[in-house]
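Here it is, the structure, as structure tokens.
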Amino acid sequence: MKNTFGNNITITLFGESHGPAIGCVLDGIAPGIKVDEDYIDSLMDLRRPKGKISTSRHEADKAKILSGVFNGFTTGTPISIIIANANTHSGDYAGLNVIPRPGHADYTAGLKYHGFQDYRGGGHFSGRITAPIVAAGAIILSALNNKGIYIGTHISSLGDIKDRDFVNYLSDIEGLYDKDFPTLDEETADKMRSCIEAAAAEGDSVGGILKTAVIGVPGGIGEPWFDSVESMLSHALFSIPAVKGVQFGKGFDLANMKGSEANDPYRISGDKVVTATNNNGGINGGISNGMPVEFSTVIKPTPSIYKQQDSVDLDKRSNTKLFIEGRHDPAIIHRARIVVDAMTAITIADLLVTHFGTDYLA
Amino acid sequence: MKNTFGNNITITLFGESHGPAIGCVLDGIAPGIKVDEDYIDSLMDLRRPKGKISTSRHEADKAKILSGVFNGFTTGTPISIIIANANTHSGDYAGLNVIPRPGHADYTAGLKYHGFQDYRGGGHFSGRITAPIVAAGAIILSALNNKGIYIGTHISSLGDIKDRDFVNYLSDIEGLYDKDFPTLDEETADKMRSCIEAAAAEGDSVGGILKTAVIGVPGGIGEPWFDSVESMLSHALFSIPAVKGVQFGKGFDLANMKGSEANDPYRISGDKVVTATNNNGGINGGISNGMPVEFSTVIKPTPSIYKQQDSVDLDKRSNTKLFIEGRHDPAIIHRARIVVDAMTAITIADLLVTHFGTDYLA
Amino acid sequence: MKNTFGNNITITLFGESHGPAIGCVLDGIAPGIKVDEDYIDSLMDLRRPKGKISTSRHEADKAKILSGVFNGFTTGTPISIIIANANTHSGDYAGLNVIPRPGHADYTAGLKYHGFQDYRGGGHFSGRITAPIVAAGAIILSALNNKGIYIGTHISSLGDIKDRDFVNYLSDIEGLYDKDFPTLDEETADKMRSCIEAAAAEGDSVGGILKTAVIGVPGGIGEPWFDSVESMLSHALFSIPAVKGVQFGKGFDLANMKGSEANDPYRISGDKVVTATNNNGGINGGISNGMPVEFSTVIKPTPSIYKQQDSVDLDKRSNTKLFIEGRHDPAIIHRARIVVDAMTAITIADLLVTHFGTDYLA
Amino acid sequence: MKNTFGNNITITLFGESHGPAIGCVLDGIAPGIKVDEDYIDSLMDLRRPKGKISTSRHEADKAKILSGVFNGFTTGTPISIIIANANTHSGDYAGLNVIPRPGHADYTAGLKYHGFQDYRGGGHFSGRITAPIVAAGAIILSALNNKGIYIGTHISSLGDIKDRDFVNYLSDIEGLYDKDFPTLDEETADKMRSCIEAAAAEGDSVGGILKTAVIGVPGGIGEPWFDSVESMLSHALFSIPAVKGVQFGKGFDLANMKGSEANDPYRISGDKVVTATNNNGGINGGISNGMPVEFSTVIKPTPSIYKQQDSVDLDKRSNTKLFIEGRHDPAIIHRARIVVDAMTAITIADLLVTHFGTDYLA
């Protein structure tokens, strides 16, 4: 299913960066979930470019709901959302189907679509297409919160700068939604912003690592083969542009640990079974164990930079130089985090509904 | 789709470690592909435990094909494969549904299946269930080779020991199929084996990182949202027990690179467009670009160890100590690599057939 | 997949009769297919209510394409289409969630969506939701025509009146697209119209049987289990409101035939293998055999009638009488036929692309 | 998904008539369902050929469960079932890939699989492949019965002979499971048997119409587009060999009814809402309304007959005559009914689990 993801809750994405509108269809949502447009707007705002560390393309990004919501509640039928494209400078992108930008999808889009793709601004591959994901995710996120499930993502590292880890999960997560630049430690944010500004000053860009925690997921969710919690989340996360790695719990650091260190010992805590450590990120055998689901996602540096780069002229079949015009983000990691939250919300909700049935989220 | 993966080529897995048989159904395979049982056996042998660094459970692991192959060729109908379980010591596993092994799926299986799971030897969560994946992958791998597509996986790091990178992809890949312990540098293998033996001597276990290269994949394969090459491969790979992280190209190291370093510049090479570097692992915007598809997979240390561990008694709801009886692998990474190759073959084939149609592999 | 149909070409439907807009996302379409808006309009016009035999609700029904088309050609990315709802008289439908209309989905929608459904005008169950199917089908139908595949549907019976059978398939099919009231015999149309008008005069409604032929489908398409040509088409057709039966070839009449009569004998015709009869409707074992694919679909009489009916008051839990206000169709069969054509086009295209790959229709 | 059906409960079929074994994988079944092998055997027996009205191929048809059942209960993991092929006379089928049998899939299988298909006894298209469906359906049927849902199918017409309709649904359904030849009226059975024997005496075959009732299905199940109860059931039913038509409620007879006759009036009955008639077969807008789900399925006459038929020699590309050797059924309708019951059970269970969650059937 090409542009659709999910088993019982599904999202179907459509749109191009410079077409009339982008949007999505969110299906499988229980009837009776309250839809708060202000809340949707507030999450959309976390994705909005702001200040010197982001692109100067500014869009109202108002999510317009065409169906599936009636009198302020979900109806149970497909929720379609569209977001207008207004502030397009398509002229900036002329020729990118002929001289592809390194690190972007211009070249691969041409291979796949034989030159018929809408190449303006990255077309269907644009990071802009994540806006409808955030709108859809907002509807689900508020429903998950009502079930005691919370999702938060911070920038755990950017360049040499590292943020602290989650400690008090619930308050840490809630605090992140108040921040345009999501770190757990406030001083870290300043250092990271400075790092992005320094790269921007050189016409360059930076990436980083996002760390996400999901609390309140009941144990027993997911499938051994092949729809493990890890498989489903990674499938969703790797669809976000710029994501090149996903790891759960200690992830790649497990390569340097012994079994006796990596295993999370069980113990009784009140009336619950918990683990003393969470090296496995809340998942064993692909199934949630009731501990926080924790994972990291690496965001590569934004490929659009203000430096001359080597590329090719696909018409002339010759090497050439490219300098990309237009408006770029020197970093997108702070904007990407709410996309990760939204994509995670959709995926976790799908796993829950698969297990507990359609009406679970209502 | 719980125990099924793929869009147009699908694999459905079944079986428990101590049941009568395990197996799979491989569907969507073109008619007319030659099926070489010796080749299947040879790949099954790469997964087979051998020597001091593996479990002493020995199974013939002969893949018996029940359908979908006629006169030595695939028919186009579902290929069902079963592998008998013979050497089971089920007594070793009594009680593991009550006192779950840390790092294993015993506890989460109980949550999910409410105590009805076949807990013996890990049941449906056992690494043994990867054997049918290898048999199915072998059929596809030989078909891919006939199309000029080759897949190889080596242990890139284990503890502090690192293997060299792929240099001459084709010969490096071919060489790996001759090795029970897959490293590109022969001396590395000895050091890694020693490291595993040292851990085994302590009753402990180790993990490591596998690196995979796929060459010959045509450009233009995969979908932007949500069935990107990365999404599909990670979905498949995270289903393999012990995998806790997947990264493409430079992966998590991209967090420390600038855009000007991370972007892979295009250049003309003969009649082809190539990239000077391959930091993106042969994938841009989720679509293959014609360069080698490269990714790394972290394998956590085997959770079964010969050391006393903290666990809980789920009946008594109390803390307890656990010493695991039975036969364990102090490392599974060398056996897991052929599972990664097989899972990769199935996934790449699915993406190809989705693009080029059913008969592409014939 | 709730509101999505198809394996490799998919359509996702959204919208409610009295919401701001209805629409669909059509995915999996090859890049490079010419999109002719006039042709889309012409098929939309065949679905439009006209004259005394249809509802007086009139909508412009202009399909607006938001994505997936660039410079007049498909791009290969999802095609999203929206159609505004303008001429809504929502007041006519007040209370239908409390006193459900017999034969409609008012009652079952309430059961499924617990009262949160948008009940105005049938909401998501409205026949109006078929408009985006026609728009999407038009894009595919013109591509199929370019491949020599033609689809046509006529009213084979209405009341006691029967139309003649297809004789010269291609010209018969082409002729149907010139007719608002699709019969092969022109006099039949007049009789059927009179029959509808007579029912309308009594405040009643009629149904009938549609017969469809698809020519040019290559042999060898479809799957034995479970995606047979019959299974896929019936799945799609039974989603159209008012369809209560689907039969292929001689269908239910096969119950009265002997094997020696029902079997279609093979014979050589030029360089082709054909069958002397087509009792099996061009499908054997679920697979197309190269003969015309032929099937019939029964359309039940429109449930909205201008007669008092027995219903219940769901709030008071008591029996009551209902007289439906609003604008009704005394027959929808002549408007439904283009929906059948469109749904058939989408389904056949999906089967073809599954077999021959993404670019087949380009 | 080629040989797989279902959204949350899935069945994957494999096997060829003359291969080593046939079977299926049934996935998505709740843990904790009691599996009674005697009950499975009893349903398998209803499909078994017996007496003069069936083929003389006799198979033990013992369903062997390889996985997913432990200590007599389902585990929640995939249930794999295999059935050995023992009594094969493959010699009878030599050459059927060259001179295809009219009405069979020999010719279309060759088109689809390019001659690589296992053509012996119809291979993967054989009616024999329905045996695993019955075994899988038996597990589900007993779970449905525990939830108060019952499914029964009788031969409603065969030639000119008609059976009575369902009257007392529960006892009528229960009675059918005691009968090898399933009619509601006992005398009807004798007449129908005589009709089959008369056709057999001429070397010919007959078909007929099966009518199925499902009682106890809660209202509110199914999806408006595209997974309506009708769409899902017809998808499943049309995969059964020889099925060429499916209709719900009054089906094709609705073409001759007025809206005022066809609409099912609602009324209160005790604490329930019921309909006075059931012309819509328990389904409105694709959603169950709580009344019995009722549908008819036409079974074409068995294509294997003992009469010379016209066919073609595909090697010589010439017309030829064919006389089919081997063992045939002069009618399969009485054996097909339990396949319809099983397929219906799987489909209804899938719809229920999609709505109510994984554990609903436990």
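Order of writing sets the chain letters: A, B, C and D. Residues in each chain are counted from 1.
The criterion applied here is as follows: a contact is a pair of C-beta atoms (placed from the backbone, for glycine too) under 8 Å apart; a residue touches a chain by one contact, two chains touch by 3 or more.
The structure presented is a predicted model; accordingly, all values stated were derived computationally and were not measured.
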{"item": "Shortest path length from chain B to chain D (each step joins two touching chains)", "value": "1"}
{"item": "Duplicate of the B-D contact set - from A-B, A-C or C-D, the pair where over half of the pairs recur", "value": "A-C"}
{"item": "Pair joined by more contacting C-beta pairs (A-C or A-D)", "value": "A-C"}
{"item": "Where chain A and chain B are represented by their mean Cα positions, the distance between them in whole Å", "value": "26"}
{"item": "Between chain A and chain D, centroid-to-centroid distance (C-alpha), Å", "value": "45"}
{"item": "Rounded Å distance between chain A and chain C, as computed from the means of their C-alpha atoms", "value": "38"}
{"item": "Where chain C touches two or more other chains, by residue", "value": "1-4, 7-8, 13, 77, 112, 124, 224, 359"}
{"item": "Residue ranges of chain B in contact with chain A within the complex", "value": "1-5, 7, 13, 100, 102-105, 107-109, 111-112, 122, 124-125, 129, 157-160, 199, 204-209, 219-228, 230-232, 234-236, 238-239, 241, 243-252, 254-268, 271, 273, 275-276, 280-281, 283-290, 296, 298-305, 307, 309-312, 314, 317-319"}
{"item": "Footprint of chain C on chain B - complex, ascending", "value": "7-8, 77, 224, 353-360"}
{"item": "Interface residues, chain B side, partner chain D - complex", "value": "1-4, 8, 10, 12-16, 19-23, 25, 27-28, 31-32, 64, 66-68, 70, 73-80, 82, 112-118, 123-124, 359, 362"}
